[in-house]
Amino acid sequence: GTSDDNDASSAPTEVKVGFFGALTGDAANLGQNIKKGAQLAIDQYNATNPKTKITLVDYDSQGNPDQAPGLAKKAIDDKAVIGIVGPAFSGESKAADPLFNEAGLVTISASATNPALSTNGWKTFFRVLGNDASQGPAAAKYISDVLTAKKVVVVDDASEYGKGLADIVKGDLGSTVVATDTIQQKQTDFGPTVTKIKSANADAVFFGGYYAEAGLLKKQMTDAGINAKFVVGDGVKDDGFITAAGAKAAEGTIMTCPCLPPDKAGGTFYTDYKKAFNADPATYGAEAYDAATIIISAVKAGKTSRADVVAFTKAYDQPGVTKQLKFDDKGEPTNVTVWAYKVEGGKIVPDQEVK
Amino acid sequence: MSYLIHNFAALTGTGLIKGAVYGLVALGYTLVYGVLRLINFAHSEVFMWGSFAAVWALAAIGAGPNPSPLEIALLLLVALVAATAVSGATALVVERVAYRRLIRLKAPPLTALISAIGMSFVLGEIMGLRDKITGWVGLDGTLHLYVSGARDNTRFANPLQSRILFNIGNYGVSNIDLLVLGCALVMMVALDQFIRRSRLGRGIRAVAQDSDAAALMGVNKQQVIRVTFLIGGVMAGAAALLYLMKFGVTRWNAGFLLGVKAFTAAVLGGIGNVRGALLGGFVLGLAENYGSAIVGSQWQDVVAFVLLIVILLFRPTGLLGESLGRARA
Amino acid sequence: MSDTQTTQPAATPPTAAGDVLLSLDDVTLRFGGVVALDGVSFDIRRGEILGLIGPNGAGKTTCFNAMTGVYQVTSGQVSFNGSSLAGLHKFAITKLGIARTFQNIRLFGNMTALENILVGADAQHSTGLFSSLFKLPKHRREETEGHDKARELLKFMGLSKRADELARNLPYGDQRRLEIARALATNPQLLCLDEPAAGFNPAEKRDLMDLIRRIRDQGYTVLLIEHDMRLVMGVTDRIVVLEFGRKIAEGLPAEIRDNPAVIAAYLGVDEEDAS
Amino acid sequence: MLLEVEGLCVNYGRIEAIRDISFGVPENSVVTLIGANGAGKTTTMKTVSGLHPVRAGKIVFDGEDITNMAAHKRVELGIGQAPEGRGVFPGMSVMENLEMGAYFRKDRKVTVPKDLERVFTLFPRLKERASQAAGTMSGGEQQMLAIGRALMGRPKLLLLDEPSMGLAPKLIAQIFAIIREIHGQGVTILLVEQNAAQALKTADHAYILETGEIVRDGSGSDLAADDSIRAAYLGGDV
Amino acid sequence: MTSPTATAGKSRSRNPLVTVADVIRRQPKPVRVLLGALFVVLLYLLPLLNPPLISPSQSDFGAVLFNVSTYVLVALGLNIVLGYAGLLDLGYVGFYAIGAYTVAVLGSLHAHVPLLLLLPLAALVATVSGVLLGAPTLRVRGDYLAIVTLGFGEIIRLTAVNLQWVGAAAGISNVPRPPSVEIFKLPHVSWNGFVATIDLDNTTTFIKFGVLDQIPYYWLALTVIFIILAGEKRLVQSRVGRAWEATREDEDAAELMGVPTFKFKLLAFSCGAFIGGLSGGLFATRQAFINPESFPLLLSILFLAAVVVGGAGNRWGVIVGAIIVSYLPEIFRPFADYRVLVFGILLIVLANFRPQGLLPPKRTVRARQVDEELEELEEGAAHV
């Protein structure tokens, strides 16, 4: 395939929006929940019987950066695709976004938080949430101010996201960090890491990574009799964490997230979502709703060529359900919040906004 | 280094437990290899199926919140029976589907390896797609408890709460630790004696060395092969339960990494050698832990593999050598 | 050795015993507790057929293994053309000029008869990665030379029709002959045959005897392990007898036949039965 | 007849190794098969013991049709074999190899010590090396082990495939003496030999096999006296 | 698993692939040359022709073909190690990774060496690492070598995951592309059912290495394959190839026949590494982004499957195997989630019904027939 310019004169009867993220694999829950947000927005739009219908197509990366370029190419090759919600994770964003940028296909991520993503000069990169440069300090602040921890161990999973976030937290905490460790994704035995935490006599542990490993790590910490507070980032904010750790071990874990508690989202999002999926909106559902809304607005405005959608997004300035949606010239939102959540009674509940 | 010394007890304890699980799974590789000179690549999935059997058995019984010690013992027994039965059966299925025809045709060993790899994919994928597969036949609703989240971690409702019994150095030894270690040792010794002492054990060794001559001694080769797979499967099932008690969750692909490690342990100890499997497991588990204490835990697998290579350079047939024997040049 | 006269390595007259080609000097070889060779010394002279006999487990095959570098001797020395073989690789010893066959046939089963012989011929070749990648003249020359030699040997052994058959599909007797051909292809000075007649019937043994003589007549020196006394007595120039790893006798066939120690240890009293 | 073979055909792929042969081995006799290399002797033995499948024909042992019976079951019926190439278990000790010989016997506890004694008297070398790994024994030592091991099963019918191959002359004489001895103890023997002179001397009846077919048969002494047989298989003088 | 190609060889009778190969082999030389040339041209044009049935419905044909050609290349390399020399290498992906990382690290992360230099460099670095790994380990035999190489592959991957200098888990982006010349445009053929039309809107620029159009990468890889094939054939038909085979058949006997087996094993290992590194380099430049997850153990296993399924020891066989292993999953895409399952079933079926591979190594006609008949007979026999 080659030329990707679309003739924008007459509005087509159908366009596609891609959802790019993990729908299967170890961190699939995160992707599934994000997708549902976007799905809701699109379903609502299609229900208004518009001239141009939108279908949501999946690009399931399994959270694996290695798969990302191939999938990106696939999306690019499909000329009906005019925008992407995602990529969901930082690692796959880094791998796929250069291709989207070259193809001029807009990507609006509802979840990728690595700060460096916006510094590559990609013209098509946007995200609707604060990055780890705000999440990290918020986590650090929570650890030092709310938990008043004196000895902190910082653990990461070596991923683009996990390591990036952990490094920021580490930097902010400074000398209270008494030990660090790196684990591997897909690992199940964390004996050496647990030993390290125990021997450091830590009163708080920060983990940068995703829920699958976090759950196992927390369980093994608890089994070893470690009582340190467990603080984690948005990658762990999923019920999958509680499944993996067990409700008892998971209890009291603190999670930060640059996302709004869904029930605080504007409009009728919360009730609509519940009605559509018969479940509470989970992490980044509302943000994904916003991301999809931007592309939907472009279609409503008759902008159905890729170039037009990019321009439209760049100039966008409207209230969304999570925040005022407006981007700076790097594609970062101008308006960010970070919340702390905690596991209480086997559920993830909002704790407080970290300012 | 001083970190290693200070935490020696803890690193040793967790290393041994991990090693015990490696060792038990390694048995399956070692036995099948010993008899057929074939790497049973699907053995990791035999383990994985056993772990799910244990999880589901307890889920089906639906144990109450505060079981009495007797109930705990019974529940664990049920889980053990389920895990060993399913693993054993899975191993037999592997033998039937992936191996039997190829053995009869005396096909090249590599072909059997590929067949086993195919089997491994199939067994893994069936587990990972169990929601979809049951959905096809319309049973996903009924079986929801068992099939939901097919690609996610599935939690084992361990009836035995982890409790630290005593401390060695800075390591709190828990009831589960003792149980895992004890069971692994007992099973290993029992199996070793079985192979050495029993008639069937001698039959297994005979088939391993010359299957035609074994037939002339009245050894039923088919039966020996099946028994070998079965024993390997049962051991993997037991390992699966111990693994669940220690780590708490399983997953459709839980076997893969563990399988690689267990196979490494088998080779380290001397493949085809039952005692070597346990020794290899322990050495590997300890090496990973000590190594990660010295160079950082992200390097633990690298340490393990470097150690493996070094050991094989100096002892080209593993630590204990191949006990099932080699011919003269 | 000249490269062109490939099957005639030495121009020594057939029967006259030449200089010492290989000598074992007080060779001892132990496997744990088992002393397989215990201070064995003997010489092989250029151009002769030397028989090596002895009861089962006497150490004959072990002798071969010590000479060809399969085992390192515990003490003592094996020297070939006056220089010690200690520490040399098996392939290096072959290249020096000792070739052998095996008591249990060990052909390259999935290669053709011709290819088996070519592998032997390659022992004296040096084509490597680059000359074969770029088909340098050396490569071409060695290839033709090897093929010519192989064809010649197949013909010599009566195996011409079998050239393109896989070695493992050849009848037993042909396999034995192919092993000899492969060994000859390495252009040896000394050819060691380990029980080449095992499993042959008397008629076949007679043919083999002829063959061994013809090989010697081509100028090769032959060391022969064999239990068939008619064959050994009929073809060898000299015989060395081992028992329990020790040399108990050495001499002309006729001497050995009547040596009481040899009769007691090896031949048995009733020589008729022992044929 | 203890063993009856009728119209037996055996193939290796397209190659017909055995073409329609029939022969019988009467109870308590020594029968020998003689033939050149590749005549099909080993193939016949393997087919009788069940290591190789039958293409056509019938094998009856002790009144029971065993044509398609698995090899290990035939052992239980009383067919023992010392195979060509010895087939010892290389990684097991000499002692363990001998014990394997009695693997299928239900009365192992009783018979093994007695039979071991007997084998060790026949082959003292095996006693000396009882704990050596069989794979490191010399060729002839392995041959002794293979025969000894077959005896450990107390077979009714003993198949010996070239028992004298690779043995020293003195030992060959011994082996034939042993064959006569166990025959005297009531064991029926089917013997394959290249050493035709000895074999014919020992056998009650002999069959001559040529390229997969039986071309002649007769009593051992008759055949030994036959000139054409002498020329072809006994080698005459060299 | 002592010797990868066991003695008892079997393949079913009337294997169509074998028959086709035999028929071609029997043609007079000019006909063969002509047929060959036609076939080569066809191969280059394949992605432009987009033939229905063959081109997968859900993926870009050019990309798939490139992917297939890297597998073919890798299979050719692994075939030298495994098929000819009989060394079971379960860590072949390590060399592939080294090649890819050489290109990425020197082309993007730490330097900006031009790609045309990088590709040979990738092969070279992989070769050197092959020698470094092989020299100490090739004394280890059989399956022990398998686990040593498996360990090596994992060490490479894990080092890449943890070593900041090579980008760690995050990987390396902006891997350089080959230089484009852009001489002319070639139209694609598009199909409507079985009716072909030339689609002038859909063109490929000769030669522009972009992100979107992968056909030029395919051409590049195809060219490399032809070069490797030519070289490999010469090697195998020489003393080198015979030494490999003899070593595989019986290492001790080979040594006693004057083959310095260690040297030749090392040579096979480094030849394999060379080709592996080269294909890794090609992969990196096409992919533009690499990270350690591109080189999992599973990939080594797929490579192995390609070689064995096709027929270890036969270059055409392993090519067929590589095509199957890399291409079928694309065909299976309509099965969506069941892809791997279907693939697993296929491996079992192929292994069981073509135990010698689809195109087993060249054997004489008679040998093959013996094997086939034996198999049929044994299948028929009521032996339980």
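Structural remarks
Which chain is which? They are A, B, C, D and E, in the order written, and residues in each are numbered from 1.
As a working rule, contacts are C-beta pairs under 8 Å (C-beta built on N, C-alpha and C of every residue); 3 or more make two chains touch, one makes a residue touch a chain.
Note that this is a predicted model, so its numbers are computed, not measured.
The fewest steps needed to get from chain B to chain D, moving only between touching chains, is 1. In terms of the stated touch criterion, the partners common to chain B and chain C are D, E, listed by label. Among the remaining chains, A is positioned farthest from chain C, on the basis of C-alpha centroids. The chain with its Cα centroid farthest from the Cα centroid of chain D is A. If each chain is reduced to the centroid of its CA atoms, chain A and chain C end up 75 Å from each other.
We define each chain's centre as the mean of its Cα atoms; on that basis chain A and chain E are separated by 38 Å.
Centroids built from CA atoms put chain E at 50 Å from chain D.
Contact of a single residue of chain D with at least two other chains is seen at positions 70, 136.
Residue positions of chain E touching 2 or more other chains, listed in rising order: 5, 9, 158, 161-162, 252, 337, 370, 378, 383-384. For chain B, the set of residues that touch two or more other chains comprises 222, 296, 298, 301, 329. Across the interface of their complex, chain B is touched by residues 49-51, 70-72, 75-76, 80-81, 83, 87-92, 96, 99-101, 103-104, 133, 135-136, 149-150, 153 of chain D.
Contact residues of chain E toward chain C in the complex are 5, 7, 9, 231, 234-235, 237-240, 242-243, 245-246, 249-250, 252-261, 267, 271, 361, 363-364, 366-367, 370. Interface residues of chain B facing chain A in the complex, by the touch rule stated above, are 3, 6-7, 10-11, 14-15, 17-18, 149, 151-155, 162, 164, 170-172, 174, 176, 247-249, 253-254, 257-258, 288-289, 292-293, 296-298, 300-301. Those residues of chain B that touch chain D in the shared complex are 199, 202-203, 205-206, 208-210, 212-222, 322-328. For chain A in complex with chain E, the touching residues are 1-4, 24, 64-66, 68-70, 73-74, 76-77, 91, 94-95, 98-99, 102-103, 158-160, 163, 182, 184-185.
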